[in-house]
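Shown below is the structure under consideration.
Just so it is clear, A, B, C and D label the chains in written order, and each chain counts residues from 1 on its own.
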Amino acid sequence: MKTASNRSKAIRMQSSKERVPANSATFLQVAESLAEIGRGFYARGWVLGTSGNFSAVISQEPLRLAITSTGLDKGALTPGQFLEIDEAANVMRGDGRPSAEAVLHLAIVRGVSAGAVLHTHSVSSTVLSGMHARHSGIALEGYEMLKGLTGVATHKHREWLPILENSQDMVELADRVSSRLEQTPGVHGFLLQEHGLYTWGESLADAKRHVEILEFLMEVLVRSGAIQNA
Amino acid sequence: MKTASNRSKAIRMQSSKERVPANSATFLQVAESLAEIGRGFYARGWVLGTSGNFSAVISQEPLRLAITSTGLDKGALTPGQFLEIDEAANVMRGDGRPSAEAVLHLAIVRGVSAGAVLHTHSVSSTVLSGMHARHSGIALEGYEMLKGLTGVATHKHREWLPILENSQDMVELADRVSSRLEQTPGVHGFLLQEHGLYTWGESLADAKRHVEILEFLMEVLVRSGAIQNA
Amino acid sequence: MKTASNRSKAIRMQSSKERVPANSATFLQVAESLAEIGRGFYARGWVLGTSGNFSAVISQEPLRLAITSTGLDKGALTPGQFLEIDEAANVMRGDGRPSAEAVLHLAIVRGVSAGAVLHTHSVSSTVLSGMHARHSGIALEGYEMLKGLTGVATHKHREWLPILENSQDMVELADRVSSRLEQTPGVHGFLLQEHGLYTWGESLADAKRHVEILEFLMEVLVRSGAIQNA
Amino acid sequence: MKTASNRSKAIRMQSSKERVPANSATFLQVAESLAEIGRGFYARGWVLGTSGNFSAVISQEPLRLAITSTGLDKGALTPGQFLEIDEAANVMRGDGRPSAEAVLHLAIVRGVSAGAVLHTHSVSSTVLSGMHARHSGIALEGYEMLKGLTGVATHKHREWLPILENSQDMVELADRVSSRLEQTPGVHGFLLQEHGLYTWGESLADAKRHVEILEFLMEVLVRSGAIQNA
């Protein structure tokens, strides 16, 4: 079994053999979809102030992601602002630097075989992840909305949304993300404390749906008084 | 008198004699209106994560409904994503499966002679229906907004919004819905616990207005402290 | 001095001598502006479910108002849905019935020489007017936003927002509105209990600004805990 | 060292030597960007009722700002509604009066060498600045969103958001703003009590990002119960 530490070493080691960008049409199409989703999240106030980042796998062998470059105003997001990165976060196409959080996207893609990874930064997730940090996570149970999560068939499902301590050391954080994904198989997302939500899906549509569902349920918790009872 | 159980047996029994889709122009016009309403509800956050479903009667004899197919992103809803179903939820036109909740739409159309049925899934309805579940319903009284409900002439009206336990067995749930509609004549909608609102109207415009009114009043209750006093 | 009672008798007595509609270009231009404002308020959730109504004076001698006809979806408001009414609420132009609340608009136009009257029906105003009804009003003081009210020069201004008991007898209510406007000169609006806000201005732009300011301040009060302290 | 008092005297003294407007293309481009940003803030409810004002430096030598004229509906803001003012708030281009708060913009531009200054007036900032006024400011700490502030590299940063008493004497207030900016170097914005937020940036994009970040964090504080604990 690959340990989390080994895995992130693999991320840090650059594979120099593959240096060809993925299919251009695919890249542009995916970038267009990601940009549209990003502008929608901005309208809802989920990625203000250049927060948030979005990626989707455009090739598996070799691994290639379309991903937002760093520091963008998500309200004016265009396909031209996306980068193509390889499995070590090297830029294969596009101008600009990838976000430091690109290694988290890669850790998630590897850890749960995601086809797309979306990171939002809403008021609800910031409030909840701060208040509930000492419980290391939040339980979501009994809500019909849970059925929209891939593989969930009933509202009686109990979804655990882990909360990880925030960090600026992205390699260390990627390691912790990988470990947590191994320890809690079947989760659909996690929170970084006072930072926001990471979720994913087999397809980009799945990942977008997961964002909406988890943001909705966090808003439900906040308005149900989850803060007072934290 | 037909019992609830008999009625839902009738739904399960397919009437094979009528297999002709309704008028195409009517279907498309209704699907267009439903799609526009759905996109508007999505913008307000009332049908996130593929939640919600919408239908309207396009023919009475034989009974035909235009209804959303299952699993759609309501923010990008198009007329082409609607199905025509018959009185037993068989698809007469269109691609895709109807939502499992189609039998609820049919139960409502039969139970209250509705011309349109709209199901939303808002934060307010999720919060309220959870907190007030043990009262089996919520009373709405004294609000001018109540006058927008069909047949209500004064703000002094007391509207009872029943709360039904949620279920994944749609035939069983349809039976309960039918019974509840018989027991509480005159209601304009009901809540499924931690799931959302079903409302209806003689016309689609009536049903849309009822969604807005009931969502508004639930938001008023939440912000008036109805949770603390549940 | 005309008493409130005399004044509303004057409203009820039809002046038959003037039966000519006002200038068409003016009417259409005003109806266009009112429709645009109404659609904007709908987007903010201030006139859901066909609630709200809007008017502007298009002629002083004889008195003519452009006003929404009753029962309209404000999200799809068009200039063609406006009526021209005279000083007794008779329809001089357009199809449809005026809202029963047209007599309130007329009472306000006469009482404070308003050029435009706007009625919204927001969550905040419904919540606040219910909770604070026994105080007969709400005080707004210390807010910079108050300076946007016509004639107010400092945030130290104390604005009194009267709350009137709601009624379905519009003639009786119009009388009470007229009396209250006489008793509390200088107010910029009032609330009907669990119903909503009426405000006005010399121009339509003034009235729109007053809606935004008073809705903003009511939202501030609700979020500052005004409910708990009511 | 120039004292705050000297500095504001400099503002009041008109420099008559420079009377040429800045480059027209620059002015129009900047006004276009400011107008677009303003309409976006209006949509979020941050500049209702003609509140808020926006400026950007279009020339350093001589100092020239593009700035909103007073009393505008920010939802319909156009480039033609901007003025060019000099270092003493004299209008060099455009119709209309500058806002009385233009001297605050000038004080900020001088005090922190800002390239753009944006003033919003949200519900959150009004609520928070009222409740926390006696602490003379609000601390923001531990939030990932802080990293979007220019020069901040970690969520562990502690941002102090000063609260100044509101005033209608803009010259006096500009003096206090200048003093406060000297006393608390490194702040990214400040609140006027029950009035709103002033923030700035080297570029207009920086200032817009700072508005979004600080508005977001104030909303987080309000929803985290900062009012109850004030």
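Methods note: contacts are C-beta pairs under 8 Å (C-beta built on N, C-alpha and C of every residue); 3 or more make two chains touch, one makes a residue touch a chain.
All of these numbers come straight from a predicted model, not from anything done at the bench.
Asker: For the sequence-identical pair chain B and chain C, what is the superposition rotation angle on Cα atoms, to the nearest 5 degrees?
Answerer: 90
Asker: For copies chain A and chain B, work out whether under half or over half of the interface numbers are shared, and give different or same accordingly.
Answerer: The interface is built from different residue numbers on each side, given that under half of them are used by both copies.
Asker: Between chain C and chain D, tell me the centre distance in angstrom, where each centre is the average of that chain's C-alpha atoms.
Answerer: 34
Asker: Can you compute the centre-to-centre distance for chain A and chain C, using the mean CA position of each chain? Integer Å is fine.
Answerer: About 48 Å, centre to centre.
Asker: Touching at least two other chains at once: which residues of chain D meet that condition?
Answerer: none
Asker: What residues of chain C sit close enough to touch chain D in their complex?
Answerer: 40, 44, 142-145, 148, 153-155, 205, 208-210, 212-213, 215-216, 219-220, 223-225
Asker: Going by the contact rule set out above, which residues of chain D touch chain C in the complex?
Answerer: Where chain D meets chain C, its residues are 45, 48-51, 73, 75, 121, 123-124, 126-127, 130-131, 166, 168, 192, 194-196, 222, 227-228.
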